[in-house]
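As written, the chains take the letters A, B, C and D, and residue 1 is the first residue of each chain.
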Amino acid sequence: MASSLSLVTQIAINGLALSAEYAMIALGFTLLFGILRIVNFAHGSLFMLGAMFTYEFCTVFHLPYFEALLLGALSVAALGLLLERIAYRPFYGRELQGIIATLGLAIMLQYAAVILWGQQPLSISPTPFPAVLHIAGASLPSGQLVIIVIATFLLLAFYYFTRFTKLGLALRVVAEDPEIAQAQGIHLNVVYVATFLTSVLLAALAGGLIGQQYTLTPSMGTDALIKAFIIVILGGLGSVPGSILGSVLLGLGTSTLDTLFGGNIAEVTWFVAIIVLLAVRPSGLLGRSHG
Amino acid sequence: MLNLVRTYRLLLATTVVVGLLVAPLAQASSKTAGPPPNAPTLPIGGVGPLSGGGGAWGLAVERGLQLAIDDVNSSGGLRVGGTVYRLKEVMYDDNYTGVGGATAATRLVTADGAKFIIGSIGSPPVLGMLPITQAHHVIVLSDGFASAILRKFGTYNFRVVPTTTEFAPPMAKWLREHYPAAKTVGFISPNDEIGQILVPEIVKAYQAQGFKVVFNENYARGTTDFTPLLTRMMEQKVDIFDLNSNAPGDAGLLVKQARQVGYKNLIVQTGGPGIGQVVKIAGPLANGFISYDNFDPNDVAAKHFVAEYHAKYQGVMDSYTPYMYTAAQILFEALRRANSLNANEVVSTIDHMDGYPTMFGPVQWTGQRVYGVKHQLATSFYIAKVIDGKVHVIAKI
Amino acid sequence: MTVPLLSVDRVSKRFGGLYAVRDLNIAVQRGEIVGLIGPNGAGKTTAVSLITGFVRPDEGAITFDGVDVTGRMPHRLATLGMVRTFQHTASYPSASVLENAIRGAFLVGYRGALASLVRTRAARVAAREASEYALSLLQDLDLLRFADRPAGSIPYGHQKVLGLVHALASRPRLLLLDEPAAGLNQDEVDHVRAILEKINQSGISVLVIDHNVRFISGMCKRLIVMYQGGVLAQGPAADVIKLPAVIEAYLGGMREPA
Amino acid sequence: MDNSARDVPATSSAPLRMRSSSTRLILAQIAAIAVIVIGLLVWPALFPQEFYLHIAILVLLSIIGSVALHLVMRTGRLSLGQAAFCGLGAYTSTFLVMKVHAPFVMGFLGAIVVPGLLALAIGPVVLRLRGVYFALITFALGEVMQLLLLDAQPLTGGADGIFGIPPPAVFLNSPVAYYYFALIVTAACIGFVYALLSSQVGRALDAIGETDNLAEAAGIAASRFRVFAFVVAASMLGIEGSLFAHYLGYISPQVFGFNASLLYVAANVVGGSTSLVGPIIGSAFLVPLPEFLRGFVQYQQILYGAVLLIVVTIAPRGLVGAITGKMRLCFSRRKDGGDE
């Protein structure tokens, strides 16, 4: 089966799957920064909670996977409403304190999860999508396919939301310039809360979706957060198209590098790459450069 | 929706509050009565990673030790040198770092006056602890892979979990005998001490048996998608894919994903106990998986222990827990026999405890040849195979 | 007439293809106070930024006191005696008014990192001199009473004046002021104007941007009118403001929304 | 914030602040400092147990790093990768002493020079970035450093790290001796930074920290001063690393990771990032904190996070901000306008 063609297709397919996962993770992160100027260190923890709640509803309450996923995401979003008040709203426009606050929150959520779910890796079982598809000598677990499809759908939906809905437009105005937005009678607080909820919802969905493919641990958020960092730096902080481009780059790149050169090299390469990129083009590949 | 919101606000609020209230109680409740109320307490130190990497191992130490202590206290305490002691666990997190281990050890030794410590697990914290415990003649029963742990700090330190050095050669030999057709081996391991120190040893063991290692790759800790590495491994046509000492979670994912990308040949694990979890994670894809295992769930003592564990704690038991429990058992028995708290006397007693029955079989100390000190616990081990979702012991070595 | 203190020769600057400044030719004579006016978007501020090194010109040369200083860093130009103010950031809001003035006098008080670290005699003397000079400036410009108030907390008019103090404190020879009277009421405008005239009489050359034609033409003998990145007209204030082209440009500039 | 709230008096403004209120404030501060100094000197006598010395030493070392980061933050840049320099210092010193068999002094100097050179090399490039971008690039640098330490196994011992690092000198083998050694070095570092900040250089750093343009216009070479601060900070972190390695006798990569870098940031934010006292108080508060929470085993991390969150919520200007705020209230009759 190991013809070089099938190898290439396999690399491409793996890359595609990874890209979809990364896009799911990065979207909410970059959104929150684009509009609230908050670097959300707790993004990974919310991602983790999304996975854990989905696990809870699916494996413990035996709900069908998609209901569990939705319920899980909504639960985390609801939790988000509370968190927004205690750990985010007081720090809008105060970057420094914001970092420490979200950091403290991240630690709290992670270790609360340790107590609720333990440190042992959990898995959403029975696997909702056991089948494995075979395409041109390459294989693609159906679970991955589900991630790809839903990610694509969500990105399109998000695009529609920001382009064609009132709230979406408000979002973009605020991103451009809060003062102008206020002048135009947009209620900043509404937009902020809406943004925050969207971001949390996306993080949680990502967790629940990706969770069904892998194992769940309270520390799973850390890696997700670092991936989000790399992606937004590649694509440009706060730029939604950028985060998608970044995800695709990182996804395909990781798949290729890992397959051809192995993990260590790949990881170092990424960090060196973003350092160089930041040095020559701080605003990322698609980010708006602002003075 | 709004209701949901309220419910969850409530839910969170309560969990947090209750959690904080329960915390101290939980501590208290873990001290069961038994010895006379006026009995002096003997602090037994516990060190393990409760946070940071390898967080699961910390609970293995805390609970394994606690269970052993409960046994002693509930049966009237520990009589040493004419006095009956009530044992008390003092457990500290080492954050899986050297400085964390050093801090925990220093605190136990100099602030809590602990003379005996169980744990930690993992080279960094243990290497951080030993200089301090060594200087204070404090006895440590721990598990860190680094060979220096016994070579340099062997005097008062015992390693209570068999390492690759002990079980890799017989495992490779067994594979050679039962799979004569297999020629090539592949490894995928994290780029930490497992990939850097353990895998090379396993590689040696395989090569000694005439196998050819055609693939040996590391991944960054936290990686969850191994398909790229697996894809390349399959290009190398490996007959045996060895999961070495990958943590159960990673091992499970590796099995699952290897099968998903269409790897058909043998998957074995030389090291890293926790075959049950692999089955849980990989599900039906785990069938045919062969693993080293040293914990026979059918053993009477083991059965009793597992029952005891689940009576007290819920959730999955970490596979290091029985080791830490056993370590504590050995320590307490040594104290009884030595009938003294003097470090040197206790050490020599432990040295001569061969034959003392544990759930891993009779105690046997080895390591003279490799480490220059006989402080390595050797346990008999099994080779288990997953057959339609069930774990079967297929060989005992 | 002698060689000018500052001369800008055929300087151009593009931002994303569009010319912000095109073939600009400006000269400031020693001891002169000259006004730079023009409609919004004429390129006045860019011109000042080009002159003071905050923006690198694409073409052209800038000569200060006979030295070609094209593309030099702002702090280098400051050491040569060319200092600017900013339209929006007049001061360090969180630092005290006095601290603002002393920071302005940095060049007076600084004798190199090592010297000021080991507090050599020279360094101590210089530092004292700087703070005394700063104090005297605050005295002169009537800000002393605010000395230990955070600059951000004093009235806007005074903040603008503090901006002048900050610029003066480095003992410049040429002062470039970006709308020093913007957003001030009439009394304050007059106050600033008086200050600027005093500054000029003390021998410091001044180039001042402003919209307020009355304010500027009353104070400057000579006016330069910028339009669409170039010089539209220049000459004695009285004549320039009467030129139809200028009036047209101005009204045009006013008409188009800024 | 009002300049007089700073620990760094603008020398000349002294005559102006010679108001009874301010003088009392200053006296109070002097008194406080005196108490602290004496406390630090007699600490070993009060708490002879090795454990308390151990924690005290860790606090002192972490103060060096936090103060170093403070210097960078004063120029308006937040670094999330400072631990990289600490690690580089630790490994350099260890390498020189154990592989090259150089005396400790050489290792110590190496720990100052090598991180400094690295900072000098990358500083001019990375310091062009501001705000989040600088934070992120330093984060990435930190990660790279850790990966290099991890993967350069023959040189660094890889994940297992290096053990058996000898103490600086035989007589420094006892915790008490090392405590005083660390105390001296830390005091020297703080003194140096204080001198720097209260000199004209410090004035320049504060100026560029607040508004680049104004500073440039006043003749302050913003970029040069920033690099200077960055290099000095790197060298100080190198010092911390060296002291850390030779105290603990064991180093491994994960100690110099993101969490370590964040601790420096947290120390500055929690303590208060506007004055040199901030990071000192911050470290003195955050480093021992886990020890108070250890008893809670599984809950300690949750409480740690909660404390971080609560402190930044109730004391936005950091502990020192809150304290000085209180002090000023007690000691000054006149209400002070702009002080938020």
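Things to note:
One rule holds in what follows: a residue touches a chain if its C-beta (ideal position, glycine included) is under 8 Å from a C-beta of that chain, and two chains touch if they have at least 3 such contacts.
Keep in mind that this is a model prediction, so the values were computed, not measured.
Taking the mean of each chain's C-alpha atoms, the chain closest to the overall C-alpha centroid is D.
More contacting C-beta pairs link the chains of C-D than the other of the two pairs C-D and B-D.
Averaging Cα coordinates per chain places chain A and chain C 49 Å apart.
Each chain gets one centre point, the mean of its Cα atoms, and the points for chain B and chain C are 72 Å apart. One inter-chain figure worth recording: chain C and chain D are separated by 39 Å, centre to centre, where each centre is the mean of the chain's CA atoms.
Separating the centre of chain B from that of chain D, both taken as means of CA atoms, is a distance of 37 Å. Multi-chain contact residues of chain D (touching two or more other chains): 151, 298-299, 301-302. The multi-chain contact residues of chain B, meaning those touching 2 or more other chains, are 19, 51, 53, 59, 191. By the document's touch criterion, interfaces exist between A-B, A-D, B-D, C-D. Chain B contributes residues 19-20, 23-24, 27, 50-53, 59, 62, 91-93, 96-99, 102-103, 106-107, 109-111, 123-124, 127-128, 131, 145-146, 148, 152, 191-193, 196-197 to its touches with chain D in the complex.
Here chain B touches chain A in the complex through residues 1, 4-5, 7-9, 12, 15-16, 19, 51, 53, 55-56, 58-59, 191, 217-220, 222-225, 227-229, 231-232, 234-235, 237, 247-250, 252-253, 257, 260-262, 277, 280-281, 283-284, 315-316, 318, going by the rule given at the top. If you check the complex, the residues on chain A that touch chain B are 1-2, 7, 10-11, 14, 17-18, 21, 74-75, 78-79, 81-82, 111-112, 114-116, 118-121, 123, 125-127, 130, 132, 134, 139, 141, 210, 213-215, 217-220, 222-223, 226, 254-260, 262-264, 267. Listing the residues of chain D that touch chain B in their complex gives 49-52, 54-55, 58, 150-151, 153, 158-161, 163-164, 244, 248-252, 254-255, 259, 290-291, 294-303. Of all residues in chain D, only 1-4, 10-13, 16-17, 195-196, 199-201, 203-204, 206-207, 210-211, 213-222, 228, 337-339 touch chain C in the complex they form.
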